[in-house]
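Two complexes are shown next, each including chain A; its partner changes from chain B in the first to chain C in the second.
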Partner chain A sequence: MIIAIILLPLIAGLISLMVPDRLKGVKEGIALFSTIIGLIIAALLFKQNIMFTIPWLGFGIDLSFRLYHFSAFILLAIAGFGAAISLYSVAFMWGKEKLNQFYAYFLLTVAFANGAVLANNLILMLFFWEGLLLTLFGMIIIGKKEAFKTAIKAFVIVGITDLCLMLGIALTGSLADTFTMSMISLPTSGLGALAFVLLMIGAIAKAGSMPFHSWIPDAALDAPLPFMAIMPAAIEKLLGIYFLTRISLDLFRLNPGSKISLLLMTIGALTILLAVMMALIQKDYKRLLSYHAISQVGYMILGIGTMVPAGIVGGLFHMINNALYKSCLFLSGGSVEKQTGTTDLSKLGGLGKQMPITFICFIVAAVSISGVPPFNGFFSKEMIYDGALERGWIFYLAAVLGSFFTAASFLKLGHAAYFGKSETANKTKEASWAILLPMIVIAGLCVLFGVYNPLPLHALIQPVLGAKLEGRDFAGLPTNAIIVLITLVVLAAAVLNHWFGVRRTGKGIGAADHIHYAPGLSQTYDLAEKRYFDPYDIGMKIANWLAKLLNAVDKAIDWIYEKLTVGVTFAFTSAIRWSHSGNVSTYVVWSLAGAAVAIIMVLIR
Partner chain B sequence: MTVLFAVLLPTIGAFILPLAGKVSKLLRNILALLLVSCSFILSLILIPSALSGHIESFRVAFPLGLDFVLAADPLAVFMALVSSFVGSIIVLYSFDYINHYENQNEYYAMVVLFLGSMMGLVYSQSLIYLYVFWEITAIASWRLIGFYRSPKDVLKADKSFLVTAFGALVMLIAFIAIFGMFGTFDLTVLKGHVLPGVLIGLILVGILSKSATLPFHTWLPDAGVAPSPVTALLHAAVLVKIGVFVFARLFLFTFNIGVFWHTAVPVIAAVSALVAAGAALIETDMKRIIAYSTVSQIGFIFLGLATGNPVGVAGGMLYILMHGIAKGGLFLTAGIVEQNTHNKDITKMGGLISTMPLTAVSFLFCAFSVMGIPPFGGFFSKFMVISGAVDAGQIAISITFIIGAFMTILYLFRMFNLVFLGEARGKLAAEGSKLMVFCVVLLAIMSLGSGILISYPADFVRIMVSQVGGIR
Partner chain C sequence: MNYLLIFVPFIALVLVNLLPKKLRPISSFLVLLLILAAQSIFAALAPFGLIRAVGAVRMEHLFGFHLLIDNLSLLLLLSAGIVGFSALMVAWHSIKDEDDRFNFTNLLFILLIGMNGISMLRDLFSLYVFIEAIAVSTFIMILLYKAREAYEGALKYLILSVVASVMMLSSIALFIMFCGGTSFEVIKLSLVSSGALARIAIALFICGLFIKGGLVPFHGWLADAYTSAPAPVSVVLAGVVTKASGIFTLIRLLTAVIGFSPATKDLLLIIGAISIVIGALAALGQKDIKRMLAYSSISQMGYILVALGCGTRLGLIAAAFHFLNHAIFKSQLFANAAAVEEQTGSRDLGSLGGLAQKMPVTGITSAIASLSTAGIPPLSGFWSKLLIIIALWVSGNYFYAVIAVLASLLTLAYFLTLQREAFFGQVSVKVSSVTEASAGMLIPAVLLSAMTVGLGLVFPFVIKYFVR
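Up next is the complex of A and B:
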């Protein structure tokens, strides 16, 4: 069964790669069938414990799999999103080009992700994990004609972090003397800290955290939309946070208050704030969402980084919540794109009446991400606040500020797209059922996971922590009333801020202009939009500089061969040539001098 | 006797090829392919005996310690399989590549002689015959690099010959000194002895110059003036692997070397890997980029072998295989591009994926393998090399190599991007001939297959590594 859940999408993907474009509907059928079967298998596997090993390469590299509550949970989530988004893709991608590649990469992504989650050997995990690079690259490159630049950017960024992960795994294996994950428990001191940080880089980069994020907003514009809903919004987050949790709780013995915990919380807080500030000023539906896809990771990393039960449970709960509402949001964006042909907010407006179901799904997801009670995002955020406050008010402040801007930017987005007026609004119709159904199901889950949160918390998340939970139960209403009150005040402030912004400019899209063009911020935003802060571009500059230096070393060595050796040889031979003047008397003098030296040497001995 | 035929068939058969060429071109071509693939098949036949421990050998006694000894141990068979397999594909590719140039008879004779002496080198169990075959490969590659015969080509050929021959002569001094110390050239007798550091250093000069490692590497990019199949043969599959092979043969399977060298060699390799990767990011000549990439990747092989622990050595060995296949594929795709666009400058290309899709995808596959992306074969070798280095406690060196691996991704993508993607800045040439495309597609599929079926080569290598004497 375990192997089947990896092989099924793998084989289905390879088959759909070979199906010619003429046969319409076959690839879609294969994708739908295999993802639905995958969902059934994942559901059957849930609550089971299976562990087995098949020899592979030797040297500690085995095909070792382990199914237990955590991997079964992630597996189920991946299968759920896989099925929902393949149904969505059938309608969304219908009639487009390179569909065989799209479905192949899509199914391979699911296969590799399942493999990475089930692997109990670090190298096997790396095998699947890094294999996702290929499908990532493939999925982006089939988007637009110019998408290859983004694809290469994504590949390079994720590639270097995967190399860090590779080194981290080698180091972990060397320290623990095994690559079997269930047998590793290392302290985070000395080399252990280095190993942890390297693994962490791999994990948070997969999740899309800063500073490894900058390909995501570019991909939002270039890649096919279902890619955004499945990869950066769902599967990559699930995988990244899954692995971060594994290394923080199982593979390494991490303490609250340790430097690494502090590092994680700092990365989390910075990611929340910087990304949400960028999201606030975006004027494109998908690009705005993509910055939120980055910002929300910050909450999860912050939550897990606190290393206290409330924070970890909150972080994990937020992981699954975010996957739900974020993919729902991307799907709503796709629905709008499909019906109107654009995602440019300045051209959109008034869609609420024409596309009521899309609009309602958007509202549910938007209030969830903004943390409005009683939706799911509210509960997970409260737990993260709780954990963050336990570790330091500054982290809490960052998280709350992030929530303010999140709410503000979704008010702006919703206002600009669904209210107001636009030229196209009256002609637009609601999307087809295949596009709506996945959105409705996911939005429904957002409500369910909020209103009845014991379901996800008891069944999915709290068992992951086991003894580390310290017997606490976070289901039900938040316990800290003051935090809830502050949250409500912040949300109210966001609404007020929106009202102010709209009154100032008269348009929904201008709701954040007073922040965008505030003195000081305006210039910073300009630089950021011109990519002065893009870590990728900065890194490329450094790499280029380094390459020039190394190239100079190389050319200097070549100079020794091309010029120095040749020069010395010619100097030497011309000196010798000079002595061969052809003058017999000179030769006689040389010979006599040589003989004299020889005789003297003999005499001295 | 099988082992003798594996060596002698191509070495002697090479001299018949010019005669065959007088009769018919096709006959000559097929004969050349047969001779090389014979070595491959004979080496395949040698696998069971090599793995079972009953190593097949051949010995003719000569005076003065000049015994001619061949033996098919796992290391030799592995190396022979890799080089004769990639060599066969390159000969097949040459059919269409070389058929409109002059001196074809000499070309095939030299290629087959080169591969034959490579067989001799890997199966030799005597230092002196190892040296002899080593120098035959140098002469053959000298003729092949200067194949186009323009003054510039000849100059570059001379450069490669002088550098490698210089290294070989330095190495010969060490071989003679070994004979002076132990009274024999026979490696089976020399097994387990400890070598003085000076001799190790002298041999290393030879090894590094042949494997184009810093500071003896610059002849390799310059040798890119040769026809593409030749560069594939020399830079990717065979010639540069001689150095790493002899390193394994002498310093892992025969002599014991001190702890000092287990650190010194990785340091040299790390510098070499980084400097070459940097140069590959700056160069604009397609073949020079791939050549620098080879220099860089050879560093990884040296790192793996020099760690001296089973994982690292096995990784280094697998690296030889994976790199041979993938880099061979890269050179051959570059050959197709070069032949059809009449251009080697990547800044004057672009958009070729629309006209030569198979070549482009093959390039990408081989590039993924070189980068070490699973499920391609290069992933396993790269990981095992790094893992071996970390196990040996060389954390700083491992980090350097990770930077090198990162730059590998950069320069290969830069090249793919400029050659195949984006706007066409030059001629949009058509796809290569069917035979040539078949060869590169085969190598691309092999790059992928070697990763998916990794357990077969890994089993082989595991048995080989278990026999390594010098491992700590």
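Up next is the complex of A and C:
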């Protein structure tokens, strides 16, 4: 069973790669079938504990899988999203090009993600992890024509962070003397801290945190939409946060007061704020969502980084919540794109009446992400606030401020897309059931996880912490009334801000213009949009400069070899040819002179 | 056994000439082939103790000189056997006229006697006599076809040989003057308390040998003689004759008589290094295959010389091994050149091209020999060159070691040029209807390149049992 859940999508993916495009519906059938079977297997595996180990490569690298509550939970989530999104893809991708590649990469992604989650050996996990880099690249490159640039960008960024992960794994392995994850327990001091940071870079980069985020907004525009819903919105977040939690809780002994915890919280807080500020000014449905996909990771990292029970539970809860509403949001974006042909907010508007079900799903997901009670995002955010406040008011402030901008940007998005007017609005129809069904299911889960939060918390999340939970139970209503009150005030402020913005410009899309064009911010935004702050672009500039320098050095070396050496050699050669006149008396003179020199030499030594 | 090596070829030579005219060519060919094969097998097997041969036979009562076989002798005996065999095979297919062929075999008999003698002799004057015997038969061999350009080549060889003879004879005269004899033992004894005159005598004799071996700047005759000689003659000439009379005698002299004084070492190193570099640079500029190979020969002789110049046991081993390797791959390259000339009628690199498609066996064997000369592992040439460089480095001659390494790049450069211009690339118009050479021409090439590969692969074995 445990192997089947990896092998099934793997084989299905390889088969669908071989299915020719002429046979319509076969690939879709394979994908749908294998993901639904996968979901059933994952459900059956849930609540089981399985340890599966056979020797593999030697050197402590075993084919070792471990199924326990945490991995079973992530497995179930991946399987659920896999099934929902494969159904969605059937409708969304129907008739598009390179479908065999799309389904192959999609199914391989599921297979590798399952493998990475189940792996109980760091090297084995790295194997699957790197497999995901491959499918990530493939998924982006089959998008639009210019997608290869984005694909390369993603490949470089993720590749570099995976290299960090690799180094981290090597270091961890040598420190712990084993690669078996369940046997590792290292202190975070000295080299241990370095190992942790390296592993952390791999984990948070996979989750899409700053500063390893900059490919995501580009991919949002270039890559096929289901990719965004499955990879950056769901699977990568699940995996990244899963691994971050594993290293923070199991592999390393982290303390709430440690510098590493502080580092994590700082990364989290910065990611929340910077990404959400960027999201606020976006004028494209998908690009706006992609910045939120980054921003929300900040909450999870902040939550886990607090290293207090409330924060960790909140972070993990937020992880699953985010996966739900973010994929739902992306799917709603896809639905709009499918029906109107665009995701440019300035061309959209008034879709609320024409696409009511999409609209309702969007509303549910948007209020969830904004943290409106009683939806799921509210509860997880409250816990993170709680944890952050325990560690320092500055982190709490960042989180709350992030919430304000999140709410503001979704008010803007909803207003611009679903209210108002546009030329195309009247001709647009509601999307097909295959597109709507996954959205409805996921939106329903958003409501369920909020209204009845003991279900996810008791069944999925709190067992992960085990003893670290300190016997507390976070299910039910938030305990800290003041935080809830502040949250509500912030949400109200967001609504007011939106009302002010719309009044000012008269359009939903202009709701954030007064922030966008505020003195000081305006110039910063301009630079950010021109990618002056993109670590990838900065890195590329340095790399280009280095490449030019090295090229010049290389040219010089080439010149020495190709021109100078050859030239000198042939100069000698022609001199020798010239001196060999063929005149025998010359040769006799040479011989006699040589003999004379030899005799003199022998005599004077 | 020892005297058999001289008398069997001699008696055979006399006997085949007494035969009826019609039978002479074929019988002389077969007899010589048999003798060469027997000699090669004997020399190859002797080190393993399968044939008891090593030792001295005193024949003063009969001829006034004595013969002694040691492992060094076996080296030359083997080289002479292998190269002679190859040359004979090439001759049988490339010399069309029966009389010419018979003359060639007769001369080869004399060459063989001369080389066998050199390999065993322990007397300076007798050595000189045998060297001259070789030289004389070589002049005639070069002139086998009486072609115009061959006269020029033979004349240059003759003139410079005379210079060498003058040097060696005056040296011998000097030795007789203050040693009272020319036997190695006598000279060695009196050299212990030697003066300036002895040094001059040594230097003169060595310079004479340098001319015979064609080392820079004593090499003026070599390129013309090699190039203008008929194909089988250049095989035997380049493969073993000049090496036997020049280099081998030098090795014998250094090890058995004069030893390694700082001055001789310097002389060897300097002349060797100059030969390596000038030979390689000159080879790089040649358009004629045989001329390129001739200059390559000079360069390779330089390698042997610098190895000797180390004055160490390792240097001697390296020199001896490179001597054998050179005999094998250089005679093979000349056999390849003969095949190319035979089939295309040209040796000009400019007009050839793509021959490997038309003559695959020649192309492949030539590539093997070229790579071996350039010192590419795992061919035998790599090991000997490596040994030479190690020997130079260990004995502290870092400068010469660097030259040896850099010059092997030049070696690779001119051999790649040769391979590219002649065998690879587009099939040129001139060779579009060319076919592979006949089996007789290919046998030596295949045999020799098999030896090159084989010696390279069993190198440690060779070093342990043969080159000591």
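Observations, loosely collected:
Keep this in mind: the second predicted complex is superposed on the first by the 543 of 605 C-alpha atoms of A that agree within 3 Å, B and C clash if a C-alpha of one lies under 4 Å from a C-alpha of the other, contacts with A are read in each partner's own complex, and residues count from 1 in each chain.
The working rule: a residue touches a chain if its C-beta (ideal position, glycine included) is under 8 Å from a C-beta of that chain, and two chains touch if they have at least 3 such contacts.
Here the structure is a predicted model, which means the values were calculated and not measured.
By the touch criterion defined above, A:547 reaches chain B but does not reach chain C.
In the superposition on chain A, A:148 makes contact with chain B only, not with chain C.
Of the two partner chains placed by superposition, A:386 touches none, neither chain B nor chain C. Counting the residues of chain A touched by each of chain B and chain C gives the higher count for B. On chain B, the positions that touch chain A within their shared complex are 159, 163, 214-215, 217-219, 274-279, 281-283, 292, 310-311, 314, 368, 371-375, 379-380, 382-384, 386-387, 389-391, 395, 398-399, 402, 405-407, 409-410, 413, 417, 421-422, 454-455, 458-459, 462.
By the touch criterion stated above, chain A contacts chain B in their complex at residues 56-61, 123, 126-128, 130-131, 133-134, 148-149, 152, 155-156, 159-160, 163-164, 166-167, 169-171, 173-174, 191, 194, 543-544, 546-551, 553-555, 557-558, 560-562.
Contacts from chain A toward chain C in the complex involve residues 569-570, 572-574, 576-577, 580, 582, 584, 586-588, 590-595, 598-599, 601-603, 605. In the complex of the two chains, the chain C residues touching chain A come out as 155-156, 159-160, 163-164, 167, 196, 199-200, 202-204, 206-207, 210-211, 217-221, 223-224, 261-264, 266-267, 271, 278, 281-282, 284-285, 410, 413.
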